[in-house]
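Below are two complexes that have chain A in common, paired first with chain B and then with chain C.
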Partner chain A sequence: MVKRLVVGAHYGLRDWLAQRITALIMALYSIVIGVVLITGVPVSYAVWKDFFAQGWVRIATLIFAASLAWHAWVGARDILMDYIKHDGLRLALEVVTVLLLATYLGWAIEILWR
Partner chain B sequence: MSSAAAKKKRPKYLSLPAILYQIRLPLPGRVSILHRISGALLVMPFAAWLLYMLDASLASEAGFESIKGYLDLPLVKLGLLAFIWAYCHHLCAGIRYLTLDLNRGIELRPARASAAAVLVVSLALTAYFGWKLW
Partner chain C sequence: MKLSIYRYDPDKDARPYMQDYEVKLEPSDRMLLDALVKAKAQDDTLAFRRSCREGVCGSDAFNINGKNQLACITKLADLPEHVSVRPLPGLPVIRDLIVDMTQFFKQYHSIKPYVINNDPPPERERLQSPEEREELNGLYECILCACCSTACPSFWWNPDKFVGPAGLLQAYRFLADSRDQAASERLDNLEDPYRLFRCHTIMNCVDVCPKGLNPTKAINNIKEMLVKRAV
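Right after this comes the complex of A and B.
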């Protein structure tokens, strides 16, 4: 047995779980949207616009975008923690990542509810 | 625990060049690092690129037509193919990790087989969507 002093709680369990739940949401969205688009390729602007004007597509895409932001944050943070040893640089890159992901989410909302 | 194992210096940190050139990763290791690389690429630049195209194509009729023409450029199609591979690989490898989390297929043999399946299926899906694209 490895003797280890354990203090505190949930060492990243919430992030780990969130990453998996958001992954499932995005996988489901990908399959549904993929099938819809493959079976009816949007050939004209009207069809394309009407597709994204549907309530369920807007909500599903919003949930996808929010899931992506959360999922990518956990993943990007894992990568940064593993490879960037310098604390200041890592913190700066984490801030850049958060800003980037927040921009994506805001941009997606802007596109969906224009 | 044996004393030999106890004497080893832990934790052991590996440099990126060591990972790339000195260590010969088994197949699941390769799938894992490709999962990271594809994930990073999907965040930047692919997400931004796709949002840009979605934005322009939904903004106006002229925007839709310009994106249609843009997607006919060979270099753009190549970029889209790279995106499709990254997406398919990340999705397939992700499904594999979810099953591993449920303690399914964690023995050496099935784990290697599923890693090979991830590589093959994601490349096959890329080929299929690439064929659809062209």
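Right after this comes the complex of A and C.
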């Protein structure tokens, strides 16, 4: 069988843009949490628990976790596209990556609203 | 000076090897190409491409002490006593320092490297304002020597799918041309996870370009045009 090379999937811009935007969101969240941790010393279990009991902290952390998952998905898929030549293996690894990241995200939600 | 040169003749050699040459330099020898020509005078089985010997034709791009450069504009004074010369990485070797550039030029042709304009041609020429012409500076100077694309890991891994820095610089050269009318088709052609988005901005291309061009910037300009079109 002659293997024909096909390109022209017409996507990629959204992922590239999303990776940049999610990076900004994560940077912003990291700064806010960093400031809170520095100003809120000493950090005890009670302080930590009260802090994460607040609605805005939970929502912000959820957005952070979702950004991280999306960002990691684009990055991990880039690595797979770069190095894995076998199409079937690449698809399988991409599915594993999605499942893994979805699990982490679900786990994060479970922890936040425990 | 001592030259270690990559030798490989697929018809005779089981595998490539490095061969050393001791070259006696004259005061008139200024560039590495002069030393290579001297080495070839010692051993005429040594094969490499060269033509204009002044950095315009792009024939004598080699991997010189680990960095892709043009031998004809690489000053001997800037090189150490011992220099190793290898073919451009990532492309199939035809013989010694000569590589098969088919894949590189296929990618170049895929971006339609010519002005597309369907208006009837004017009597003399399609004019540009000085500002419009200015846009092409830093783009049109590319001599297609392939130093950049063969320094790019994304091009090493996917040379059949990723256009590569040289091709993308040229793609932007026509996107930036005020006389070209096919910007939308060009962007359609490039909006692809492999053709454009294999670039991860590591900037090896900028590091090696013997003409001092910036393919990474051109690639970012293409991405910016795609964003402007999409949002």
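One rule holds in what follows: the second predicted complex is superposed on the first by the 100 of 114 C-alpha atoms of A that agree within 3 Å, B and C clash if a C-alpha of one lies under 4 Å from a C-alpha of the other, contacts with A are read in each partner's own complex, and residues count from 1 in each chain.
By our rule, a residue touches a chain if its C-beta (ideal position, glycine included) is under 8 Å from a C-beta of that chain, and two chains touch if they have at least 3 such contacts.
This structure is a prediction, so every number in the text was calculated from the model and none was measured.
Of the two partner chains, neither chain B nor chain C is touched by A:L62. Of the two partner chains placed by the overlay, only chain B lies in contact with A:R114; chain C stays clear of it.
Once chain A of one complex is fitted onto chain A of the other, the partner contacts of A:V32 are absent, as it touches neither chain B nor chain C. Taking chain B and chain C in turn and counting the residues of chain A each one touches, the greater count comes from B. When the shared chain is aligned, chain B and chain C each come close enough to touch A:Y83. In the superposition on chain A, A:Y104 contacts chain B only, with no contact to chain C. Common to the chain B and chain C interfaces on chain A are residues 83.
Of all residues in chain C, only 153-154, 157-158, 160-161, 188-189, 191-198, 200, 223, 226-227, 230 touch chain A in the complex they form.
Of all residues in chain A, those touching chain C in their complex are 5, 7-17, 78, 81-83.
Every residue of chain B that touches chain A in the complex is listed here, in rising order: 16, 36, 39-40, 42-44, 47-48, 51, 54-55, 57-61, 64-65, 87, 91, 94-95, 98, 101, 132. Within the complex, the chain A residues that touch chain B are 20, 23-24, 27, 30, 38, 44-45, 48-49, 52, 68, 72, 75-76, 79, 83, 97, 100-101, 104, 107-108, 110-111, 114.
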